[in-house]
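Quick notes on the structure that follows.
The letters A, B, C and D name the chains in turn, as written, and every chain counts its residues from 1.
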Amino acid sequence: MAILFDQYFPCDALVQMGKDFHHRGWMAGTAGNLSARDVAQPDSFWVTASGNPKGQLESTDFLRIAIDGGKVLETPLEENKPSAESSIHQVIYQLFPEARCCLHVHTVDACIASERCAAPMLPLPALEMLKGMGMWLQSPEVTLALFDNWLEVPRIAAEIEQRFSQQAPDISALMIRQHGLTVWGESLQQAYNRLEIMEYIMSYMARRD
Amino acid sequence: MAILFDQYFPCDALVQMGKDFHHRGWMAGTAGNLSARDVAQPDSFWVTASGNPKGQLESTDFLRIAIDGGKVLETPLEENKPSAESSIHQVIYQLFPEARCCLHVHTVDACIASERCAAPMLPLPALEMLKGMGMWLQSPEVTLALFDNWLEVPRIAAEIEQRFSQQAPDISALMIRQHGLTVWGESLQQAYNRLEIMEYIMSYMARRD
Amino acid sequence: MAILFDQYFPCDALVQMGKDFHHRGWMAGTAGNLSARDVAQPDSFWVTASGNPKGQLESTDFLRIAIDGGKVLETPLEENKPSAESSIHQVIYQLFPEARCCLHVHTVDACIASERCAAPMLPLPALEMLKGMGMWLQSPEVTLALFDNWLEVPRIAAEIEQRFSQQAPDISALMIRQHGLTVWGESLQQAYNRLEIMEYIMSYMARRD
Amino acid sequence: MAILFDQYFPCDALVQMGKDFHHRGWMAGTAGNLSARDVAQPDSFWVTASGNPKGQLESTDFLRIAIDGGKVLETPLEENKPSAESSIHQVIYQLFPEARCCLHVHTVDACIASERCAAPMLPLPALEMLKGMGMWLQSPEVTLALFDNWLEVPRIAAEIEQRFSQQAPDISALMIRQHGLTVWGESLQQAYNRLEIMEYIMSYMARRD
């Protein structure tokens, strides 16, 4: 049976994803953060510590953070500091109790695909790939929620919380303009698969026009 | 002598191809399916089970399916379910008795290259690479058959069956709009080579215009 | 000291290059051919046998061919057949006695970069990279020789022989339209380096416009 | 803890970076040079010897050079010759005492992104990625210094010295037109991260327009 990311300890799976995404150019510099809900204590999640290059992570480069309030609950290394972007992961786990994994990356394609759209929702092309986002429809009309990029990341998190608590997004993904995609899933494997799908769609949009 | 994919047990060869194509971005999410005709029982074929990430396959993630009727004949794992897209593989093996392997992938380039063409046949540029599709001609005029994408995959399969039984395609490949390429060959290696060639041509078309 | 390709037995070095170039998408299908002059018998050269996938070569998948006349002199495997494109390699070794290695690949970028030029010579941009082709000049004005693609490969070879025997090319490279680049060098490593440089320049030209 | 490049002997770290950057196509042919300040003798730096393919380096393919004057102080191999471009590294270490590593690569994206700008400063888009260059601002207005490419590399170095000693650059990077990026950092890891970030930004600019 296919070896899924969920068969590993979450931080080990995220280390593998970090190498994979860095290799693809989706986590250049030290960009992005990867997180997974803790299985035993599902009111907390493990997230990459701030400032590490994501292609060179070890399984100790994570912190466990409380979904409610954001307190650091546990870390293998004292020097690990949470990234400001952890607040976005918190909001996702709060809003979507079924979310088990949340992946945030920075890609050129997603920045290009979204910059031409001034509206808060980016209409996506009716590609077959949308089935992988759960849209089993003929010619689906799906939008991706776009958010403005603020220096103060908690402001981005607050805007996500506000908009999504009023209206659920079409798909388990969002885009921060000139910044990057965030994708979540009900398993680590689903989050991984869906990030690939969203990047595929962003690449199509960036190159088609 | 070059180690060809046909020297392996078919499912092992398809596992290798899955890793290869996933790495290239041709099987993002869990997209696509790979199949090979069974050597001992050539009225059936092995095809990837539904829902697995194609870069993480094991040799057990396949089902053997009857070409006539589509019944599942054998599977190493009880939980394996055939993909709806298996019906397209069935039609290919029915129409082309010499086909031994059929590969279906989803690529950005092929979607872009084909979307500008409203006709049911996409004229291909006269690239030297067409020799690899069996077209040994000066300035060959070759077309790629385009099919509409339907939510009900058997409808796509039926349209392929209908059109190709009336008129054989120029080359052993077809494209489903906004979806992806399907390529077949008289051996696993030929199918692999020809998929590479079709992607090369699609990439040229997507980027040239 | 850097381990150069010339430190290996020529066919072993070409096997490595085949895997490398196939991985980059420069030898899709079974496209292209790689050759190296025999050190002990420099009036002959080893060249890839026809029809093999270039990413899966073994060191036995080569033939030794006489530069004058093209007779097959030696092969580890009886089934090895020379490619029609061997005639181009022959001409290069005839015209350039210092050439020790000749690499022919098919790339999308080179096809796109050259197709906009109707003239027989393609002017290259004055990139720093031209130093690697031996052009140590401020703002060098360098051209790449373009040849038409003929189904009969010996006709291409004859046109190369005719033009280059009248006027030597600016650089050790040529392009066959809608087909691919051929690059040669005074060592295996130089040919490898120069193929990389030409592809860099073709990629720049294909994408800039 | 993430294994950073600074945990290796500098030349070993630069060998790894050479393989990495070559694989990405940033050091085609024998292009580019990589250097790191010597820890014990910080008035000197180790830099790649001239003419080697950067994907095949060994830890002996370096020379130690005096920052003041450029004299070769030490080399594991007698045949190692400094590249003319070492003069640019010298100037960077002179101007920026905190610089510990300097990376110069040739990329298609950076050449395309900069060629449309006639001014000596290229305005960069306000991407989130600029945080990785130390710009923690809302909608930062950052420029990249552009320099003309001269056959005599010391002339480029002199122009860098002249301009930067009058006005410090916004970020630890510069671009030589039609040639390539130079990026430096206070550690090997920071230089590596920042080169990735600059390439990300150049790729965005080259493809957006």
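Couple of notes before you dig in:
Note that a contact is a pair of C-beta atoms (placed from the backbone, for glycine too) under 8 Å apart; a residue touches a chain by one contact, two chains touch by 3 or more.
Since we're looking at a predicted model, the values are computed, not measured.
At the subunit A-subunit B interface, residue numbers used by both copies make up under half of all numbers present, so the two copies contact each other through mostly different positions. Between subunit A and subunit B the centroid-to-centroid distance comes to 32 Å (mean Cα coordinates, whole Å). The mean-CA centres of subunit A and subunit C are about 45 angstrom from one another, to the nearest whole unit.
In subunit C, no residue touches two or more other chains.
Taken as a contact graph, the chains are arranged in a single closed ring, with each chain touching exactly two others.
Pairwise chain contacts in this structure: A-B, A-D, B-C, C-D.
Those residues of subunit A that touch subunit D in the complex are listed here as 25, 28-31, 52-53, 56-58, 60-61, 77, 79, 106, 108, 111-112, 115, 149-151, 176, 178-180, 206. Interface residues of subunit C, counted against subunit D in their complex, comprise 1-4, 125-129, 132, 136-138, 189, 192-194, 196-197, 199-200, 203-204, 207-208.
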